[in-house]
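This structure is in structure tokens; I'll ask about it shortly.
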């Protein structure tokens, strides 16, 4: 009925089939509600302070840091695809590039938003730029992430400007065209920045001499986790891309990218994952046998507490590492969509588990002989504000998908399966 | 000129009365937090109860005051602070926390192996009129920043000023004694200059009974403990004893 | 001509460019950063000269010496008085936060009559009326003060009765008062000369006697030593702080400490480890062993170890005749390193029971522990600096708080020698407060004031010419030239210490072996604290850490 | 033609911004406040022969700085009115008679978390008062006190010149100013050397 009143077909790219506006709004409604809840929870934390969370002096980092590290790792698909397309000239991945950029933008902006709630004095956060401590991994992270977020914005704008209505403004068109020439440069810069902050995020924990569970020997100023984090991020980024694209295809009922893009991504992801697993295993052995004993900590001490037994280690490296690596690499499995997606999901789960262990287990474990093992359960405010970020992501992605050319249109009949 | 202030705490003399904790809080304008828990409170010096892990008549218990160890080498918190809110003072070796610079990221808290750093989870508040009882030498910290033992820096300020007014360059050691040291009823906490080999504390720190917590981390803490009891000295090394690990 | 969208864009571009070369963005950034570093709503300490004054804590009878830092006329920090002959600069953990008590939310700020705010005049009238109608009972918490003398004087004058609430350490001494003719208030513990101290659940390191007095001996002579010069044997059911740090801990079944005392006495007498003394405890060793859970062998070993390093002194946690009898058996009564008589002239006090029969008015001094709740029909006038919502009385009368009144500090209950000090008022009171003594003086012109009594006592001290005065250095009293000089010294925080009595003059005879008592274990420093509230900073011990169990029914 | 129009419009925006930033902004940012009464350093120096700043602005025995003299100090001479000036009347009637200190607005008041020791700078380093406080001690009029709306501190902390360019050494009392002077004299103190 009213749908005619606010028909938005003028804004939708020609030839693209999109569900009716009311149906689209229906889809957005629950996410908007979730976002509102998240904003409310974040507001509570900002107004009343972090006593709204369940963090404490021993568990100074909680759910937020874990999920920040998680989504930033998954968001790595953005820079890595850019890197493949523009630097390594893998043109066949171009169809998925825009979607990758939008995903990256969502992950990073979301992470930064959460970080702003997570610090006790957000208004002083900018001091890092004024009085930076160049020895701190967190400084490196702060600089790179904020710069890279800027890069992502610049990469996002041209996609934005390719909207059917916006591109009718001549000046915008020119601007977009100029900017587009810049994109390969941006991709290069983004790659550099990303390599650094993905690494620094790993370094964040690897340098913690006082936390033998996280502390790693390394090379020059960088602990081994620096390189492991980069590897795991670029290995799982593509898998996450596949997952999201597949999900979008399922929801919209459109085939969006050619199958061989998937296979290509899967292969890259699989190979890198295999390398990562090898490196991670070596690192773990060195750490357990040399680094941590040197600090006076016997390895069994780390895995003596439920639920953080050795199984969690093997799950991370084997079940969610080696297995998906194989599944993604070998044609036999990679060509089967079901296997492919399962493997991708496992890879993502693996990187999340790794970030979880690095953040949460590190803090839960005792250091002093008379410390006890600590439990921590996030408060609803922590969960809600993060759920808000997820919702924000879904909304931004849905809008981008609806109004922007995220995926290059495929030739051949794309079947319109109904679904929302 | 440059001193290396440190402490030697004689654990055999500690009765766990808690005087040091209250005296410290009073000296440094640490608010009392009725809404806090042992995990969210502000206790720049915290006396912890330790045992030899046995039961019945065999059981021995002791107390061990934990505060900032003022690590000398590769100081974990200094290294990680993104905006130089923590530094090791060249003149005194004191690890300084600048609450006004701190953005409350709490990275230093995760870096500290001794859990000697505390976050202001709440706004500092005192009942009406009680602001009058605040120590004029210490600025009150605000919500959302990390704080820790600054070795009663206000007392060092006062000592410096007194010395300057008297036309002296060096402070008189009796003018600079941290609150916890002054408060201890059994004289268990000894404070002095570890760089001065004539300082009794410096000698004590080298005694065979002396030890440091987690010394093998290599951060060179300037807080020493000493005990004649073997099971207490055993606390120096490593992490939780096997007995406790099983029922984790 | 018409303004186009383009013009607006160009204009704002120009404005933006211009703004960048003005102070606006940079100055605002700078000011905001300064603002965000010193949030204006954060409480600010007062400015002003800082001075150090000496006084004494009046929150329990032990009267620890205080070094008080004052800023702008208010106490901003307390520490122990290093020159104090007994405490040597120690305070109880609660004392270090005491300077904040006067602003405690539970501070009693005005006269309360049955929950209604009233006035001093009404209170005076009501009390005068009550006194005229019948006998008055005056209850004192710290006997022996100048104020106590005022209270007692009033009670005697009005044919009423003056009663005291004795603290645990004094109750422990009650049996000796019964077995000799020496009042408990004249007795003390000669810890300094003891070689073995066997404590029956007494919190020797956590709330017993004057803070620092035993703790320092323990630290010097016991801590960490295998064969210490002073042995502390702790007999207690649980691993209390004292038990944990004692030389030896003997775990017994809860409440059977007293029984073990009898058992030990029996072993000592049977095995002729001590000269024969009157009666022998009825319970056999095996009975005691069964009752206490300590094996017969362990009991006799313990008994023997007691007499290997003498003098030995047994200390009960509370009223416990059996332990007192053990001291008699050990010959620790009236002997060096035992229970000694510290003063010739000391008055006996009537203890105040929970029931107070045939009284028309009961006046309770602010020194009476908050836990004391009398059962009586009489009208209760209770003085208190803090309410805590726990004090039951018809009239709640706001008394001076911490360091708000001039008072004197007589000998603490456990001291082996007499001491005397004067605690001057260091700060004014925020509320309109009066002490019980002032209240009585206002009622009856015939009643003297504490000040007068203190002056009289100083004169008395001066003329006695005995003892020494401990300040920055110790001065024998003979060296003091005038009463004024003495007062000057005392007002500045000096402590007078008397000489130990040459002849012990204390002898106890047992006619029959006393029944065993069941004394509840004490609960640390908070249990000697008379006020119903604790310093806010006690939260560091009770709430913000696991160091101590929060004391029951007390708003920390 | 078009270009010139653009340039004009751009220049117009630029000019507006510059004017607002340099002339309007300072007047908006700072609030002017009157001191409680007109105190004249000059008069006191000449008439009552007070030669040294330290005669009124004393160091206490413990080395701490007493800052502004207490009411008693003024009452030493002004227990009764001297002369007919309005300030005199205010001083005697409003402050000395009731016996409370004059609520001066302190130009150089630093934030609470700053620890500055006059003893160290004057006694040990031998700095003259004028090096930080200029010649205010000889001024024959009381300055208007300007408080910053945002930070709430005196304008003297930033210094009078908004640009802070080519300012006299005594102008400005920001942390950077302390640091500069310390650098020049090679005196190194850590954060807590000057902060509480």
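When the chains are written out, they are named A, B, C and D in that same order, and each has its own residue count from 1.
Throughout what follows, a contact is a pair of C-beta atoms (placed from the backbone, for glycine too) under 8 Å apart; a residue touches a chain by one contact, two chains touch by 3 or more.
Here the structure is a predicted model, which means the values were calculated and not measured.
Enquirer: For chain B and chain D, which third chains touch each of them?
Expert: C
Enquirer: Nearest chain to the global Cα centroid?
Expert: Given all protein C-alpha atoms shown, the central chain works out to be B.
Enquirer: Contact counts by the stated rule: is the higher one at A-C or B-C?
Expert: Ranking A-C and B-C by C-beta contacts puts B-C first.
Enquirer: Roughly how far is chain A from chain C, centre to centre by C-alpha average, rounded to an integer in Å?
Expert: Each chain's C-alpha centroid was found; their separation is 62 Å.
Enquirer: Using CA atom averages as chain centres, what separation in Å is found between chain B and chain C?
Expert: 29
Enquirer: Could you grab the centroid distance between chain A and chain B? Build each centroid from C-alpha atoms only and quote it in angstrom.
Expert: The answer is 40 Å.
Enquirer: Approximately how many whole Å separate the CA-defined centres of chain C and chain D?
Expert: Comparing mean C-alpha positions, chain D is 50 Å from chain C.
Enquirer: Two or more other chains touching the same residue: where does that happen in chain B?
Expert: 37, 40-41, 48, 100-101, 123, 137-140, 142, 158
Enquirer: Going by the touch rule set out above, which residues of chain A reach two or more other chains?
Expert: 121, 124, 127
Enquirer: Multi-chain contacts in chain C: which residues touch at least two other chains?
Expert: As it turns out, chain C has residues touching two or more other chains at 32, 37-38, 42, 44-45, 47, 50.
Enquirer: Can the chain contact pattern be summarised as a line, a ring, a star, a complete graph, or none of these (other)?
Expert: If you draw each chain as a dot and join those that touch, the picture is no line, ring, star or complete graph.
Enquirer: Give every residue of chain A touching chain B within the complex, in rising order.
Expert: On the chain A side, the touching residues are 49-51, 55-61, 118-122, 124-125, 127-128, 130-133, 135-139, 142, 204, 207-212, 294-298, 300-301, 304-306, 362-363, 365-373.
Enquirer: Across the complex, what residues on chain D touch chain C?
Expert: Its residues touching chain C are 5-6, 9-18, 20-22, 25-26, 29, 60, 62, 64, 66-67, 111-113, 148, 150-153, 158, 162-163.
Enquirer: In the complex of these two chains, what residues of chain A are touching chain C?
Expert: Spelled out, the residues of chain A in touch with chain C are 121, 123-124, 127.
Enquirer: In the complex formed with chain B, which residues of chain C make contact?
Expert: So the residues of chain C in touch with chain B come to 37-39, 41-48, 50, 69, 71-72, 74-80, 89-97, 99-100, 102-105, 205-206, 211-212, 215-216, 218-219, 223-225, 239, 241, 244-245, 249-251, 430, 525, 535-541, 543-548, 556.
Enquirer: For chain D, which residues are in contact with chain B within the complex?
Expert: Spelled out, the residues of chain D in touch with chain B are 59, 61-64, 112-113, 115, 117, 119-120, 123-124, 188-193, 195-196.
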